[in-house]
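In the two complexes that follow, chain A is the common piece, with chain B as its partner first and chain C second.
Take a look at the complex of A and B:
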């Protein structure tokens, strides 16, 4: 069951690479939040209940509901156009994300550690690098934020791998998640929307040498 | 004690945030300074006593905490002048001082933390408070600086977190779940090397955003440029030291494993590229504040070269970051006065500074001599030791290249500083130049003097602390 969920997450990354509208991205983010809820529910069988409830609430409420709604609100408020405006064609994006997945599979096959849960490791790393890839190749700043959220999802899966022995680390991951979301989105909604109207990275090119 | 300190500091920070009265603001800042000094002395007298399970004032932590207290006190004084000159509203003053107190506290706690996750939490807090300081002027440029800083730091703390996760996987093989640095050191020889390698790569890359090395140095430059000069002084010195602490503690653990040589080459490559990038920008840059920021990047590159070379390089690296903190912060403090005179950061609008502010110009001149590590600068001593360590480690090629790059840096640095000091600017209207109180330069002289003294004639306690800080590294 857990493998099915993880592989669905992997497929959602491929969809992410060819999606063309901001709204689709938000939906995928929410969907990934729901999947992470399922993964955490199954995986974290050995930690105490209060902690588990906290983690589950974080995935379902913050990742799947609050953050997507918030991003949607920002997009509406700032009247952003709905296209992603990638720097490279979708087809190339798809190929690159596939390559990322293949490389992580090859990498994890070269590891000889008996503790390693391969599929979760592969999915975590692919999610991480796909997030970085999205940040690097999309024009709108709000997409960078979404790319960062994708990275966070990857980190969450990675932290589940040691979650049963060190629940502290999962909690820290959640703290990072909430903290960074609030900070980044906070700066965004309060400031960037007011000062710079239609937001894309071209407007953030004044500071240079 | 550290628990009480953190509580008091956060309460003071909270009151500062909501407070609107000038007198209460000043009283609180003085109280905070006293608490900070007392805390530093207390920790110095309780070396290596574990507190609250996660904090241990070891020699490195104490050294940097003292640096922080000295630079922080000067920074608060200059912030006070800065806020008074700009006639800031009580609200923006409250946010500024609240963020600065929080920043200083978080850095102090990060120095003393003995658990990698605790260090990480305080690194996050510094990002938060630093972003409030960068956004102080609330205009488009400072917004851009803030956004870049927040985003890059968010990615870098995520990278550090991934590094911690890999570290925990390396620990799993050793059959332990305790991630304190002490325990990591004890278990160093049984850690899984593969995971440790990944952990180091991620942790190193993450901390470079704070330390100011390639690849994540960019955000820090904009931050130092856009933040008010006293805050920029903290970013360019003690905040960088925090990044150094993070990398150094992991480095000490790795020095007891089989991947030590590999780690040294990674650090060497990053450090060399850092000096190279700093050179390229130093030659090009026309904004004095950014130039100072790039000079800081160059010094951090040298520090890491010393670390990678080993031997006397360890001692030199720690000496260098401490002395650099004093010199560079005094140059940043001085910059507020330069800006007050010329109302511009660009080198094209500045010149003949000796005519307008004699004492300030002397600070700039002596600061320049110290920052470029010419004798009698204390940095000369540490840089000399770094170079001789590189000789002993047979890194002649790197050393020669670094020397060439440093020559170019000194040329570019000197060109701009001498333009600022001596060359008159055409059609500069000097009727509105304000008179600057020479006493406001006193702290800069003090800091520079301290750096010279510590470099040329270090007191025995100081030397012992540095020796103690590097005792776990191979000799």
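Take a look at the complex of A and C:
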């Protein structure tokens, strides 16, 4: 069953690469949060019950509900336009994300360690690289934050893959999530909207000497 | 009573289109029973005979000499080009999974035991439904009710046909829907005895019609530049299905 959920996560990455509007990105992020809730529920069956309830609550509440609402509030408050502004056409980014997934599959196939769980490794690495790619090819600053969320999802999957042996690692992944949400989005709400009138990455170049 | 600018192609294209759809229907099996025509590799024949009908309808649209029809023909060719790898990779993956290359042998030896094969079946159904919507030029790819020529894709190709030819083209579109519904139903029928499989077949066709109706009523057409990306996403999804099949066979991963 975990393999099914992870394959659905990979497909959501493909739809992430052709999304046009900011709200579609947020919906896909919320959907990924729900899938991670399902994976955590099924995978982590041997750790402490209190720990498990904490992890599940965090996944479903922070990843799937709070962070999307927070980002929507920021978008409305800064009066950003609804469109995503990519540097490359959407079609090219779809081909690049497909190539990322194929290369990750070939890469994990040539690693012959018996302790490696193949599908979790493939999905985690693909999500990581796709998040990095999204950060690098979009103009708006808010999509940098959303790309970082996608990277965090990838790290979370990787920590879930070994979560039964090392439950501390899953807790660290959750701390990373909450840290990112509170710090980055808090800075966004308070500072960037007031100081920088444009939410365009090219304007950040004005900050250099 | 045909126009002066058209040649013989415009007069015979609707009949060839209809005939190609009928020939494609002859290949579709029903569970264990094979179609009227059945041989090894007949899913390739299926795809290419449909492509022949589409080719003739495209060149008949170019034949009329109207610029709108040429524009619609080029868009239709683009969408078919992107939807073709999706169909071939999908049927190829299932041929790889079962080891046979004929429609009837693939469908009768397909069984959904584990979770992974069930996911592959569900994904294949989704891809087939979207391919059916693309090939029949329905929402969310193409709006059949629009009256603005610049936004038409398939409607503008048949703008100059009328009378019996138009009837042939519209009937071919209905038959194509029934054909894709039969293919989707074949995924689930497998080797069930006849008194179960006939009501199941009718039930799945009805469900397919409901899904098409819901998609048609609640979705608006995508932006023209967004359509090729959406269709190519289907090909990427089938690539994932291919790797899933390799995973099931334990041949690669």
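The definition used in the following text is that the second predicted complex is superposed on the first by the 206 of 209 C-alpha atoms of A that agree within 3 Å, B and C clash if a C-alpha of one lies under 4 Å from a C-alpha of the other, contacts with A are read in each partner's own complex, and residues count from 1 in each chain.
In this text, a residue touches a chain if its C-beta (ideal position, glycine included) is under 8 Å from a C-beta of that chain, and two chains touch if they have at least 3 such contacts.
Because the structure is a prediction, the values reported are computed rather than measured.
Considered on the superposed chain A, chain B and chain C are sterically compatible, since they fit side by side. Applying the stated contact rule after C-alpha superposition, one finds that A:3 touches chain C and leaves chain B untouched. Using the contact criterion defined above for the overlaid structures, shared-chain residue A:14 touches chain C, although it does not reach chain B. By the touch criterion stated above, A:69 is placed in contact with neither chain B nor chain C. By the document's definition of touching, neither partner reaches A:53: not chain B, not chain C. In the overlay built on the shared chain, the residue A:61 is in contact with neither chain B nor chain C.
In the superposition on chain A, A:109 makes contact with chain C only, not with chain B. Contact with neither chain B nor chain C is seen for A:42 once the two complexes are overlaid on the shared chain. Of the two partners chain B and chain C, it is B that touches the larger number of chain A residues. After superposition on chain A, the vertex angle at the CA centre of chain A, spanning the CA centres of chain B and chain C, is 150 degrees to the nearest 10. This overlay, made by fitting chain A, leaves chain B and chain C with a least C-alpha separation of 18 Å. Residues of chain C that touch chain A in their complex: 115-116, 118-119, 123, 223, 226, 228-230, 232-233, 236-237, 239-240, 243-244, 247, 252-253.
Note for the complex: chain A touches chain B at residues 111, 113, 115-116, 128, 135, 141, 144, 148, 151-152, 155, 158-159, 161-162, 165-166, 168-169, 172-173, 175-176, 179-180, 183-184, 187-188, 191-192, 195-196, 204, 206-207, 209. Interface residues of chain B, counted against chain A in their complex, comprise 117, 120-121, 124, 127-128, 131, 135, 139-141, 143-148, 150-151, 154-155, 157-158, 161-162, 164-165, 168-169, 172-173, 177, 179, 192, 194-195, 222, 225-226, 281, 284-287, 290. Of all residues in chain A, only 1, 3-4, 7-8, 10-11, 14-15, 18, 20, 90-91, 94-95, 97-98, 101-102, 105, 108-109, 118-119 touch chain C in the complex they form.
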